[in-house]
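Just below is one structure, and these are the notes that go with it.
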Amino acid sequence: MRELKIFSGSANRPLAEAICESLNIELSRIVLNTFPDGEIYCKVDEDVRGRDVFLIQPTCPPVNFHLMQLLIMIDSCTRASAARITTVIPYFGYARQDRKDEGRVPITAKLVANLITRAGADRVLAMDLHAAQIQGFFDVPVDHLYAAPVLNDYFLKRNLVGDNIVVVSPDEGSIKRASGHMKRLGGSLAIVDKRRNNALEVKHEHIIGGPIRGRAALIFDDMISTAGSIRGAAELLHEAGAIEVHVAATHGVLCGPAIKNIQAAPIASVVITDSIPLAEQQQIPEIKVQSVAHLLAEAIKRIHHDQSVSAIFGR
Amino acid sequence: MRELKIFSGSANRPLAEAICESLNIELSRIVLNTFPDGEIYCKVDEDVRGRDVFLIQPTCPPVNFHLMQLLIMIDSCTRASAARITTVIPYFGYARQDRKDEGRVPITAKLVANLITRAGADRVLAMDLHAAQIQGFFDVPVDHLYAAPVLNDYFLKRNLVGDNIVVVSPDEGSIKRASGHMKRLGGSLAIVDKRRNNALEVKHEHIIGGPIRGRAALIFDDMISTAGSIRGAAELLHEAGAIEVHVAATHGVLCGPAIKNIQAAPIASVVITDSIPLAEQQQIPEIKVQSVAHLLAEAIKRIHHDQSVSAIFGR
Amino acid sequence: MRELKIFSGSANRPLAEAICESLNIELSRIVLNTFPDGEIYCKVDEDVRGRDVFLIQPTCPPVNFHLMQLLIMIDSCTRASAARITTVIPYFGYARQDRKDEGRVPITAKLVANLITRAGADRVLAMDLHAAQIQGFFDVPVDHLYAAPVLNDYFLKRNLVGDNIVVVSPDEGSIKRASGHMKRLGGSLAIVDKRRNNALEVKHEHIIGGPIRGRAALIFDDMISTAGSIRGAAELLHEAGAIEVHVAATHGVLCGPAIKNIQAAPIASVVITDSIPLAEQQQIPEIKVQSVAHLLAEAIKRIHHDQSVSAIFGR
Amino acid sequence: MRELKIFSGSANRPLAEAICESLNIELSRIVLNTFPDGEIYCKVDEDVRGRDVFLIQPTCPPVNFHLMQLLIMIDSCTRASAARITTVIPYFGYARQDRKDEGRVPITAKLVANLITRAGADRVLAMDLHAAQIQGFFDVPVDHLYAAPVLNDYFLKRNLVGDNIVVVSPDEGSIKRASGHMKRLGGSLAIVDKRRNNALEVKHEHIIGGPIRGRAALIFDDMISTAGSIRGAAELLHEAGAIEVHVAATHGVLCGPAIKNIQAAPIASVVITDSIPLAEQQQIPEIKVQSVAHLLAEAIKRIHHDQSVSAIFGR
Amino acid sequence: MRELKIFSGSANRPLAEAICESLNIELSRIVLNTFPDGEIYCKVDEDVRGRDVFLIQPTCPPVNFHLMQLLIMIDSCTRASAARITTVIPYFGYARQDRKDEGRVPITAKLVANLITRAGADRVLAMDLHAAQIQGFFDVPVDHLYAAPVLNDYFLKRNLVGDNIVVVSPDEGSIKRASGHMKRLGGSLAIVDKRRNNALEVKHEHIIGGPIRGRAALIFDDMISTAGSIRGAAELLHEAGAIEVHVAATHGVLCGPAIKNIQAAPIASVVITDSIPLAEQQQIPEIKVQSVAHLLAEAIKRIHHDQSVSAIFGR
Amino acid sequence: MRELKIFSGSANRPLAEAICESLNIELSRIVLNTFPDGEIYCKVDEDVRGRDVFLIQPTCPPVNFHLMQLLIMIDSCTRASAARITTVIPYFGYARQDRKDEGRVPITAKLVANLITRAGADRVLAMDLHAAQIQGFFDVPVDHLYAAPVLNDYFLKRNLVGDNIVVVSPDEGSIKRASGHMKRLGGSLAIVDKRRNNALEVKHEHIIGGPIRGRAALIFDDMISTAGSIRGAAELLHEAGAIEVHVAATHGVLCGPAIKNIQAAPIASVVITDSIPLAEQQQIPEIKVQSVAHLLAEAIKRIHHDQSVSAIFGR
């Protein structure tokens, strides 16, 4: 069996360390600096020749820096003769740019997939991709994990299940996700029917389905960016009689006014995973971080040992 | 300006002829035979050297035959030194296999995209792809048309608009499409909330949204295969008090028990386009075919003349 | 040593089973269905991650279906992280379209080679390719087997050798093949000199070489399609005084009027291999099927164990 | 129309000049030197940016030098932004290494095709490839010319036609070629049935077909290398009563003992084309060179003007 | 002639505007925003279908952002069917990472070249690449300009020529560049012989060559980063009796302590080009910016019109 | 562990044998002939299926022959299913053509890298590449060795160190190399400042640095071609008072008048390695060959065993 080596980019070193702890191995050494002109310096500090290398790097903000750092790490390992390079991308930036909705725009998610492959990655391990079709943007094998069980656990432990709750999809595109959670947690289903005015602003309208009144509302999404739309949804749900509103999402991007929006909204808790690290100013009591380290660790172990990963699929 | 040449595979020659009529040019000659052992013989019967070639072929049933025929036509034109080959695929078969929902299955839509590119296609012109992300399965330029205006016209002409109607999404995945039609036609929005038991059978549950009673229900989908789910939806809507039920979809695949289902269901009309040709036994009074030939013709003309195609996007 | 996994497409499951029996292993499980619209569904039902996978699929009629099924199986195994995928193609459809004899035709055999490689095949195991140059259509390694020993055995056992026989090439292109058999079986050499009027019809002329009279004539070819040309050859040989006529070919495509032609012609036996399965109505007494399962099994075993395959080359 | 530029490598500058004369244009300037260590220096001495470039270079002996020179010329033109590069290869070296007849040998003809494409060639113009399948070794368009009419003209002018002649194939692989000439020139058909002992030596056996006696024998082949086998064939034909023996081949490689063999054999004339230039010591009276310059010139003109090349196919 | 379209990324819009002014055309419209999470949004706001597109973007700091923005612009134009995309990269970031001087480091300059090509660029226009070999990192055509004449002009106008000056190479790697300037400006040649202790710090030693005393010292380099080494060189030259020290470089990266170093050093002027824009705080009197807009404009014009670019090469 | 197989092309069989002796294994058998027409015949005579194959071939003169032979060997091993092919190229021909210094010239070093990769090489092991950037011409891993320690050893053993010597760079481009030797051997540094008039002739000017007088001058270069420039340098150094002049270079190309130049110059010894074999007439007393066989053997062993090669880097 070829030796397993796990390296972390600078995007989420705590997650990488937690994964290694879960696997009971040392995180391998790599030097990652930035020159005064902003160029990235990379030196892999352990021999990777013939090794089975995993590079852990969510491409979270600053996305262009983290993506480029990942590509440079791949190039280093390729040229250093790694036997196999699996890029572990718990959060895949640019995933929402996955189609051309108007003329003369890019499909940046596909571009990123092409760049990762061109740099020399042999495989990808991703989690809760914004659209499942992004797997098809790659010709190399992609293992796709779901954080849903980790999020469900939070609510199961707190007995937020069955008739106590209403599972809410914050928009039309997330109904399937909400349905999935409802299958596990029970409750009724509601959808926030919103109209998008432009790419950045959203105007909420009303709620379809329910019932809401007297229940805890659990909003599920794949990621929280500015928290603008969940703030609106929470307000709508609150007005509709929800006794408390919880939000759960795999990826806590939490950019721009996100923290302000969360604090201003009638939201009891925001449950996210550690796919993206929280900055210090983001560590507010409402935000409850659940770790996916053991999930990723298990997947890495199975990939390394040529064992089925489907078995730990979250669905 | 390089000369324009349009060839048709055997999948939908009437559509190709209608496109050429709309463009006021002759359909170019190509010999397409099948040897006794089923192998396809192809001979392009006009000079394509340095020409701007368009190959019209929806990959409708028998999908494997039509796809392979298209690939062989591409190979013939490539080797005959066509300047540019645009594959016009009004219906893109295998589009629903666009992701890995379970382990060890293919992403056949991506495979097909790779095959088309590998054979030598320079561009793709498609219509109402099952998922918009399929555009990203290609690295060559894709022009994507929407048949929605053609379908809307049918209802506008019959005054099935505004408070007369309820626009119905037959499942969670088509809500966005239904919303789009509602923006143009007015009315209220309803969703059939169904549970899929396995890949082929579907068990319907109930309707979210509305109101339904006293209105004409207009179900919109991208394609109709066995018509099983729209039969169920029509029955649900009928029970809920819809005064009549119409179904509209871009692609009339109409396979298996489709005709029987349509005839058995309380459906007033099934509005489809000619992206796929109707077999004789499929030509029943309920099915109303609207032509997209002029839409495709306009797109071909604009691609040929390097003019914007976004301008005729149906959205 | 990585585990060996053998899967069969639907083209020739009996051959795959015979190969597995010869190797004393189980045929691995794969689900291959067809949706009502003709699209192929594939699910590999055993873990192939890191395994050494062989996919057995002659691309015999219906060729486009079997080819596409093979490509989808390759895609499934690639995405499921198979360590190596060897496509075992005992009969390679479209092999006769291996050149451009006129302008604006495809080289479909090359196209097929490109598609197989693009889908993700790492290697090919083929048998009696129509033209040896087809090996060069691939950049991945091709192991090429010859069924000649299997066919020769049939005649050796029946003492159809030496001065008892005349070895006949049914056309100019097969003389080398006939010579090869003559080296092993003895006898004299004759060639049927025919003029091809068009791609489907053939007009026979006369025989060069011999002697014919008083001998058993053994016609050798790589494949039998409509059996039109061997019927003509058999009649010519019969008129020339051959005491009985036998036909031997690796691939029994036997399409169109093949069975009728064989039954109508003065042919004592048609010796073919099981590279292509016989339909029930094709199982007539004249047709003698010799199995190549052990030959393919041996090759698979050697490829799996990194042992020389040249050693079992049939020449 | 983009400007036409024709460059010649050092393999056959007289042919390139004759082509240009036929096209009434100047041969473009290129500096091709060899450094003292044998490395090739190349500088394109005219602007090729956006031009339609043709590079004329048969890969005749010294084949490795001429091939490498061609690749370097392609690289120069690619980097100098030529709009299109057509490699004109009247004689394609390594063509006989087009298959794997034994284990662990290369398919050098495919390798060469890959190298030419990798260097940046957009198209190939070839003549009388040893095997037609070599066209399929390329994915870029190949125009394939036949010198047969040029060779036939020589005999038509001398009334070596009809019952005066017997058309002879020097081996089994060339029967189709001989048949083609017979269709144009008339006469009977004979085949020299030879047994190849090893790759370099050949042992002739006997003649099949005829009649020979009292006729002029015309041996047709695609190339003459050491002239060993045609010497043997000529002797056999002479013994069989042929009144004179002529040999015709597209490519006069004429290496090793070729001139000695021709002079020693009962051969009246050796008709070849100028696809390969004759060295001074090869210019003996028996060798009659027919020019293919006008044929190549016409093909280049048609390719440049996007006109059909099939029309001048020699068959 | 296809229409010319010039777009600018956000790296150096003033340069793009100056180029367009020089060409007397409008800079084309493109929307380039940044979402709250740092992802780049791009929409090409003019039709580029069939156009000859030039994208101007030096990959100066922040290098990863500017590079990614360029790649996204390329993807947008490729998918919008631009006829040809030339990336104009006046300053090529990561150029110093062009080799592996130690084990397990990347060759980031090659990686960047691969990414640019993978994204869809058809050509590159660069200026004063750190190493000329970087041209070979691309397989697409590269036009390479030299800013030397622009820098020389500055000194020629001020009569800093001949015996008035000593041309100084700040290290061993730049001697060839210094020699080139000396050929045009005259004077003597000197080299600062330095020892590099680590990647970021440099310790100067002494000067080879000269004479220095009583002359103006002109230090030439390709880029100025932190200005640490030119500060040291200036001090050495000042001590050695230079009456004034000038520094000239194509690329003014000017990062980290650069401005402080320049102001602290005995440097009369720092002559750079506008390949990289100056931030406001960098606009100090010592820095004299010479524009290369006309040089780039002329190259773009010539590339667009298929005219030779070598003619304006600065050497 | 996969079995190691080492094959030698015909360029430097003695080196390959020395490497194998150092590794205590047999050189594997391969048949390499030349047909009468100059085409290379290759047959790998041992099973390489699944083996770890190393092909040793410096591309020294005749460079085009040796390069093509290497490519054919790679093709043979690829098609014979070698598990991994490492091309060991101790001397990399065409390395000086690594940039475009003028318009419309090739970058042949990049072309060669592309050809080697296209033929199927998985890795490269090189030594003292003319420019380190050539590593970046490959996307496959390159291990790069330095012969400097071997050359230094020669002088260390003869006490040509410290104040006894002056280390001389024969031109501006080799200063870095000379500095490297000086760090190990001591002494002072001098540079021969030459002006290159054209590609083949060089006119020397004068020496910068020193002191020279009374010291042994050690000129270091990467290769010696015609020995013209080192002859000039030696004469200059002799005139400047050097007590003896030694020349050391990794690669002894020694073409054209090299031997004459060496014998005519005041050169005490020319120290080279056996990266290129010496012809008999080149074996003059002044030339001292140091073997790099053990260095290459060690690298091969480490690559085969997935051990770090950096550890034996010569720097």
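Which chain is which? They are A, B, C, D, E and F, in the order written, and residues in each are numbered from 1.
Convention: a contact is a pair of C-beta atoms (placed from the backbone, for glycine too) under 8 Å apart; a residue touches a chain by one contact, two chains touch by 3 or more.
In this text the structure is predicted, and so the values were computed from the model without any measurement.
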Output for shared partners of chain B and chain D reads C, E
Per Cα centroids, the chain farthest from chain F:
B
Please report how many Å separate the Cα centroid of chain C from that of chain F, as a whole number.
51
Geometric centre distance via CA averages, chain B-chain A, whole Å
34
Would you mind pulling out the distance in Å between where the CA atoms of chain B average out and where those of chain C do?
39
Tell me, which residues of chain B touch at least two other chains?
47, 79-80, 100, 102-104, 107, 110, 114, 139, 142, 308-309
Of all possible chain pairs, which ones touch?
A-B, A-C, A-E, A-F, B-C, B-D, B-E, C-D, C-F, D-E, D-F, E-F
Of all residues in chain D, which touch chain E in the complex?
47, 49-51, 78-81, 83, 120
Residue numbers of chain E touching chain D in their complex, please.
123, 139, 141-143, 303, 306-309
Going by the contact rule at the top, pick out the chain E residues touching chain A in the complex.
35-45, 47-48, 61-65, 67-69, 71-73, 75-77, 79-80, 93-94, 96-97, 100, 102-108, 110-111, 114-115, 118-119, 199-200, 225-226, 253, 255-257
Chain B - residues contacting chain A, complex:
98-104, 107, 109-110, 114, 131-137, 139, 142, 144, 172-173, 175-176, 179, 189, 191, 193, 208-209, 308-310, 313, 315
